[in-house]
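Here the chain labels run A, B, C, D, E and F in written order, and each chain numbers its own residues starting at 1.
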Amino acid sequence: MSKLSHIDSNGKARMVDVSAKKETNRLAVAKGAIYMAPETLKLIEDGGVPKGDVFSVARLAGIMSAKKTADLIPLCHPLPLHDVDVDLAADHNKGCVEITASASLYGRTGVEMEALTAVSVTALTIYDMCKAVDKHMKIGDIRLTYKSGGKSGTFEAD
Amino acid sequence: MSKLSHIDSNGKARMVDVSAKKETNRLAVAKGAIYMAPETLKLIEDGGVPKGDVFSVARLAGIMSAKKTADLIPLCHPLPLHDVDVDLAADHNKGCVEITASASLYGRTGVEMEALTAVSVTALTIYDMCKAVDKHMKIGDIRLTYKSGGKSGTFEAD
Amino acid sequence: MSKLSHIDSNGKARMVDVSAKKETNRLAVAKGAIYMAPETLKLIEDGGVPKGDVFSVARLAGIMSAKKTADLIPLCHPLPLHDVDVDLAADHNKGCVEITASASLYGRTGVEMEALTAVSVTALTIYDMCKAVDKHMKIGDIRLTYKSGGKSGTFEAD
Amino acid sequence: MSKLSHIDSNGKARMVDVSAKKETNRLAVAKGAIYMAPETLKLIEDGGVPKGDVFSVARLAGIMSAKKTADLIPLCHPLPLHDVDVDLAADHNKGCVEITASASLYGRTGVEMEALTAVSVTALTIYDMCKAVDKHMKIGDIRLTYKSGGKSGTFEAD
Amino acid sequence: MSKLSHIDSNGKARMVDVSAKKETNRLAVAKGAIYMAPETLKLIEDGGVPKGDVFSVARLAGIMSAKKTADLIPLCHPLPLHDVDVDLAADHNKGCVEITASASLYGRTGVEMEALTAVSVTALTIYDMCKAVDKHMKIGDIRLTYKSGGKSGTFEAD
Amino acid sequence: MSKLSHIDSNGKARMVDVSAKKETNRLAVAKGAIYMAPETLKLIEDGGVPKGDVFSVARLAGIMSAKKTADLIPLCHPLPLHDVDVDLAADHNKGCVEITASASLYGRTGVEMEALTAVSVTALTIYDMCKAVDKHMKIGDIRLTYKSGGKSGTFEAD
């Protein structure tokens, strides 16, 4: 039967020992979105507000949060990340900002939590900066879309 | 025209000065969910794994993250929170764990970002603990459902 | 029957809501000790090592740790502490360094965890600085000795 | 004469340069206990309170604190820990909860401070959760019981 | 004779007890500069690099660092800051970026360390982003230029 | 044309991917100073205040801050530093305390930001401890004086 890796045989939560894992190049990509009213999206893009700034603050918050993943997620290993990147794109048809984050490391354990954390905090920061004009924003679709490195092989999803 | 409160007249990001705001009781409630395969949900609940533990770790991570909100969200004010609570419920019809977080404070500024951060990190922690068995989980529906205190009045949503 | 304040009626861990508590002057004093070989104690005090430094580093570590209490203890409230102090005294008869820490705040909740955390981290820092010469040190006797402010009244113990 | 490794020849505190140390498997185990009234111990175990929760919160706090060791202990090196585990056992004869923590790393420096920090914060968290019913708890017996890896060889103690 | 406030009568470092201080509006402004080659300054402003971004990252880093002041400066009090702002201006005559930071709080203690920390970390961030093209940058002139609130009255300097 | 390494081709801030860099011994030395009134300098050194303490607190703050560099500087990589050292010297002719910090690592990326951060926070801590007697102190001359390791070769400056 399959097994939750963070729960030991007595049901106690624990970190997973990674000493025996091989060092390889690890890459993870995660995506998500924050949905908002058309006017909010427009305001971010050009409504008297230099487009760059909301996006620039949010991207930076996302990058910084990836470095705090082990501080936020109780059973994550502290990792000396080699790279983090966050991309943002306004999608007027869907009425959202699409967020893509990637993290990479040459090391013993995967970095999907770092990518997912970056997406989440980027979205929360956009929420924070726009909440005065729109209280109905919704953050969603946060998922892993790519993962390579490590013995479980390459994972890809939409 | 409406205005993003964190952007000043020159388009620079900044904290909003709250010195002049009145101290009142502030309460915020946020919700969200993490969607997963039926077997993953079952495994959390009873599959050889004491139900309480995944939920207990995730709830605690959520509570602790609310205290780090100002460290994660660049323009949030540091707040001496008075209360944080996180609730989890498995919903087998929707195939998800539903997350509800509340935060409260007697102070000068709202606590919706604290509640939303708690929901997000609770979801990320469930993801982390289950990712060995399910890489297709999705975090979504993160939104504010209640807010009271402060001059903008009471807000309610589903 | 008496009740653990951090566990709600369903057995879930939670922060205790302090919004309704009165602001008063809160003071807590905690004590503890680190036991070591006579030569280690002597080395700290005068063996080629300026006495002040081990004590000075350890005291500072203790003071700084009190400010991180809410980051370490999951259900502690973040508090804008007004004062922290740490005192150290070598006791050659008992073969230990005695540690006393106090914390104070004008606020809604007690500061005993801050004083106890300061004692603990002060002791750990002494351990760290002396472990190259003595691996048999033992940290003990960490307890609350004084607490005032709040509705439970004044507490005193040895 | 033996020498405190963190104090240089002028008596100034400093980190110890570990660049020249060899990478090996490092393991450390530390123990400690928190003494309390029999009713408090009973209350944790079964008194209306699901046993798992106090222990579960405390264990998690201990694990998370190990990752913060370099942030708490001024001269500790930041380490990408590979594993941390915390065990708790109620001892009714001694009237205490016994705490055992282990930490491991494939790296250049020992992890005893990480294990000792985990024990200390686990104990402080139990204290915090029970302090409303018992102000006379005492934390003690915190010591290193096992250490392997590195040129100083294997260390064992009770 | 005048007295260093953080040193007690025995020469030990300590936090200053602020419980007895009055709550008032506290404001502090600090300035500083980072000197660099003319081409580096030009590159920041318009050399293929959108001007806003280096400045935007650096400003945000400065704002966030003000919230970490009590974590960095050992004897600073943790403060729930009400406002932080950072301004940047390129000065081609002096060959530098001039940095101005302000911090404010309605509270018991001054916020000059928060403003000075924001200036310092803003400068360090500019250094980090430009160091690949200019290793001779110099950070200087960091000083307090304005302070009001508290019993020592208003302070002004260039 | 030369290029700011942290800005990608679209002008967005990002971390620089260091996965492909070689691991080598990296060393960086930075210097700086804090200028003050002669009486302030004298007070630190011998005016009723044990000389060691202001210096000891400031040095320790500098060492600890080097470990937080990646938390302060948004695009810095988290690094498991192998060594940090801070030296202080009073210069009565120049009316300042001169600060020298070094950082080292066997790893993939340089440690100049760690050394520069240590100098900055050491200076800020001296400022904090002396500000009650001297509000006209000025922090300056913060620069890199030595760097070795990595493909850009050895750098030396005054």
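Definition applied: a contact is a pair of C-beta atoms (placed from the backbone, for glycine too) under 8 Å apart; a residue touches a chain by one contact, two chains touch by 3 or more.
Note that the coordinates shown come from a computational prediction; the quantities given were computed from them, not determined experimentally.
Seen from the C-alpha centroid of subunit C, the farthest chain centroid is that of A. As for how the two copies subunit A and subunit E face one another, over half of their interface residue numbers coincide. Chain centres here are means of the Cα atoms, and by that rule the chain farthest away from subunit E is D. Relative orientation of subunit C with respect to subunit F corresponds to a rotation of 180°, obtained by superposing CA atoms and rounded to a multiple of 5.
We define each chain's centre as the mean of its Cα atoms; on that basis subunit A and subunit F are separated by 31 Å. Centroids of subunit D and subunit E (each the mean of its C-alpha atoms) stand 37 Å apart.
With touch defined as above, residues shared between interfaces to two or more other chains in subunit C number as follows: 12-13, 50, 53, 56-57, 60, 64, 68, 71, 74-75, 78-80. Pairwise, the chains that touch each other are A-B, A-D, A-E, A-F, B-C, B-D, B-E, C-D, C-E, C-F, D-F, E-F.
Residues 25, 56, 59-60, 63-64, 67-68, 78-85, 87, 104-106 of subunit D touch subunit A in their complex.
Chain contact summary for the complex, subunit A toward subunit B: residues 1-7, 11-13, 32, 39, 43-44, 47-50, 53-54, 56-57, 60-61, 64-65, 68, 71-76, 112-113, 116-117, 120-121, 123-125, 127-133, 135-144, 147, 155, 157. Subunit B makes touch with subunit D in their complex at residues 50, 52-53, 56-57, 60, 64. Put simply, subunit D touches subunit F in their complex at residues 12-19, 70-71, 74-75, 77-80, 107-108.
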